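Here you go, one structure.
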Amino acid sequence: MSLAVVEGLTRRFDVSKPWLERVIGRQPKRSLTAVSDVSMTIEAGRTYALVGESGSGKSTIGRMVAGLLRPSEGEVRIDGEAVRAPRADVQMIFQDPYASLNPRWRVGDIVAEPARARGMEVEPGALLERVGLRAIDAQRYPHEFSGGQRQRIGVARALSSRPRLIVADEPTSALDVSVQAQVLNLMKDLQEETGIAFLLISHDLTVIRHMADVIGVLYLGRLVEEAAPATLFERPAHPYTAMLIDAAPKLDGFGREVPPPVGEIPDPIAPPPGCAYNPRCPLAIDLCRRERPALEPVGPGRAACHRAGEVRLEGVA
Amino acid sequence: MTDAPMLDVPPDAPVKPPSRWRRMVESDLWYAFRTSPVAIVAFAVSTLLILSAVFAPWVAPSNPFDPASLDLMNGFTPPMTPNDFTGATFPMGTDDQGRGVFSTILYGMRISLFVGFMAVAFAMVLGITLGLIAGWAGGVVDAVIMRVADIQLTFPSILVAMLIFGIAKGVIPVQNRDDMAIWVLIIAIGLSDWVQFARVVRGATMVESRKDYVSAARLAGRRGPSILFRHILPNVLSPVLVIATISLALAIIAEATLSFLGVGAPPTQPSLGTLIRIGQDYLFSGEWWILFFPAATLLMLALSVNLLGDWLRDALNPRLR
Amino acid sequence: MTPTLSIRDLTVDIPTRRGTLRVVDGVSWDIAAGEILGVVGESGAGKSMTGAAVMGLLDRPAHVSGGTVALKGEALDPNDEDAMRGVRGRGIGMVFQDPLTSLDPLMTIGDQLTETIRRHLPVGQGEARERAVRALEEVGIPAAADRLDAWPHEFSGGMRQRVVIALALCAEPDLVIADEPTTALDVSVQAQITALLKRLCRERGTAVMLITHDMGVIAETADRVAVLYAGRLAEIGPVRDVLTDPKHPYTQGLMGATPAASAGKGRLWQIPGAMPRAGSLPDGCAFHPRCGKAQDVCRRDPRPEVGRAHPRAACWFPVGEGAEATA
């Protein structure tokens, strides 16, 4: 059953200089399209993972799904109803376990806020115990906890208004490996227990592969491929996906020598014409420079590539 | 769920959260205070001065504004010397009307501190509110508030205060002037001082409002004002505390300056500045104590409060040292 | 042959008002010319402190309170700031996580390179410039000669890190210490930078101390790996042996906690509790409160050390070897 439907989601940001400076310098208004025309479906009780490098727009999509940011075009629908503001049933887990907890508030108040602000009954101690902390910790302040414990507090807060979808924006990238394992296990347990759906946003392919039921790959604000992990990691249909998989360091890749990828992510204010990946793509042909490929079914998934059938991985997965 | 979540608690963690008192004793601020002789002395001096001003009616040997307790014969008595006619001794001498300078200083300090505290409180409320709004709203609102602040800064604060004082003088009827003088003084000094509060709070608000705990509050369903006052305000207050302390010293001096210039506290309610103005008339006729003691008190008060503010700034921002 | 870097019982202390914190506690290892030693550990394990100590870049009041550091057999005094300034550049090159901290924003790339070259090598301005161009070409910066007059802010993050590597290598140091050199970079750029670092050091026979938290980067880049826990060396050995057949239970836990590409979708291994903070380490092995196989001997001093307890691991009961406890 689909829980959240994202359709034609687009978000532009005004990146012009301040008004006075712009007028004096006679500069035109400039805008950055962080997300263009993204459509996807998040199933209830499942984990949809968005992966991409910096500037891919993955966090912007997450904030629009959570209702923190208005789309410029398109919409996010939950139960057929467009999301226009934050909702009790969609909550978030943030990347930075330090900046995401108000240092002046007691943990109990932090955890209870999403429920209390909406007049719901809540027991902060029980929430804390559910994420592996103690009820008495509600009396403490955030600075008394380690990074991993803080992230658990963030999870407890996200649970307090009994959400059906949690947007987890890089929930473990500020954490050490062993602590990351604790948080990822906790997320899996909660999903099994309560049927919560996750929109997991990460740049880390190993985390994505471990957690996701469906993976969406973003490049420069567009969805370039979408597939289940098994398909995506075995037979990627987009050359960018293949590059990401090849470039990611492997735990068993002792002395592995792969030719490193070429180029860097282009300026998102002036993306290249045609397929945005064409300047870095080993398979690029003239068509790729002229015409942007649409996201179309390829095998069991979807991909936006003119040469989707010819993509090969360098290393053995 | 397969098994219970593992408790993520170090084995040696105390079960009870520390009390407010323990937190205070173990805090870095308390440690920084304990190890700074300057801070301790400045704190002791300013506390002593403030307390003796607050409890002036009990501390002062006489009430200098009670005509019944005054004896004109006591006029111009030098410090610690028995009066030629009455034989009375005054620790800091007396003025022309026979009031003990020590007592007038204690009562004068009350006025100075009252004006100082109220002016800073007024500047703080105004500055914090405008700073929060500017930092949160951004765009045009921000631009308007901050341009007003810029314009305000191009005038010396004494000039602003005198302007307001002049306007008030024109508006308020003569018979109420003395009663209103103190309040006009408070508004005048407060209005010339809000800008730095607004600037600091605006900057801190812009930083804080980008942090994820603010996004979390929005997700929780909170809206602008609630987020501003419940979430952001507590986090922008520590620089405000520093500015407030230093501002207090500046406000006391500003009050003294205005009173010295004759546009401040009236002679019926003399502040330290008024006392200094009165005292300077007698400096060249040899009655130095009438000027010296109020001036020395003003200096000690302003200096100790200022040193306290400086120390606080360093203690709260270890990186600035 | 004398190893390029040799550290023995290196100890770093930070005196605080609540007592002295020992953040690096008796760490020893050698790095041979042309060898890459990966140093892994979680935050607070002391890996960056170890690197900073060798470079003589500890922030006061942290200081080296014991042990020796020798570069090509010559003893260094990491607490002597003036002497260490001379060693950095010519003896030890540095690459940090944030390229902006290593580049002077007010100097052009070319000036920074030529200045470093001329400070350490006996060459004139013209030759220094030529070498600077070559250095930039080597790290793969296109149109190097034209970009000599560019400012650091005109480069992208990946290009900046290339410049930093050029800067670290231009005085031909014997040792490069790279502290999380790719952590701030995107996956595709990260792969470019590690490949570059690996190639340049191999070609020149430079010894590398690669500090990172990323086991994958270690696996692909390092020859040997040192695992730090709570300021102490937990395990050290050839990278393949340590990662595929860990002997220290902590290394084993770390590997189990890392979501691996090949592993299934089950639960990850959880090491219970958290790493103890410096200043509150337990007696004996620092890992024993979190270790499933801890015995009485683990809770008592003297603590196990690499070499004495096991040739590779600081553990009395190495994983998969004879004396396993049945608990």
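Letters are used for the chains, namely A, B and C, taken in the order the chains are written, and counting of residues starts over at 1 for each.
We take it that a residue touches a chain if its C-beta (ideal position, glycine included) is under 8 Å from a C-beta of that chain, and two chains touch if they have at least 3 such contacts.
Only a predicted model underlies this, so the values are computations on that prediction, with no experimental measurement involved.
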item: Intersection of contact partners for chain B and chain C; value: A
item: Chain whose average C-alpha position is farthest from chain A's own; value: B
item: Selected interface, A-B versus A-C, where C-beta contact pairs are more numerous; value: A-C
item: Rounded Å distance, chain B centre to chain C centre (Cα mean); value: 52
item: Between chain A and chain C, centroid-to-centroid distance (C-alpha), Å; value: 31
item: Whole-Å gap separating chain A and chain B, where each centre is the average of the chain's CA atoms; value: 50
item: Junction residues of chain A, two or more chains touched; value: 148-149, 182
item: Chain C, residues touching no fewer than two other chains; value: 267, 270, 274
item: Contacts with 2+ other chains: residues of chain B; value: 2, 6-9
item: Of chain A, residues touching chain C in the complex; value: 53-54, 146-149, 176-182, 184-185, 188, 203, 205-207, 209-210, 233, 243-244, 246-258, 260-261, 264-265, 317
item: Complex contact set, residues of chain A against chain B; value: 63, 66-68, 86, 88, 90-92, 94-96, 99-105, 113-114, 117-118, 130-134, 136-137, 139-140, 144, 148-149, 152, 154, 157, 161, 182, 186, 189, 192-193
item: Residue numbers on chain C that touch chain A, as the complex places them; value: 42-43, 156, 158-159, 186-192, 194-196, 213-217, 219-221, 239-240, 243-244, 253-263, 265, 267-271, 274
item: Residues on chain B engaged by chain A in the complex (per definition of touch); value: 1-2, 5-9, 15-17, 211-213, 215-222, 231, 234-235
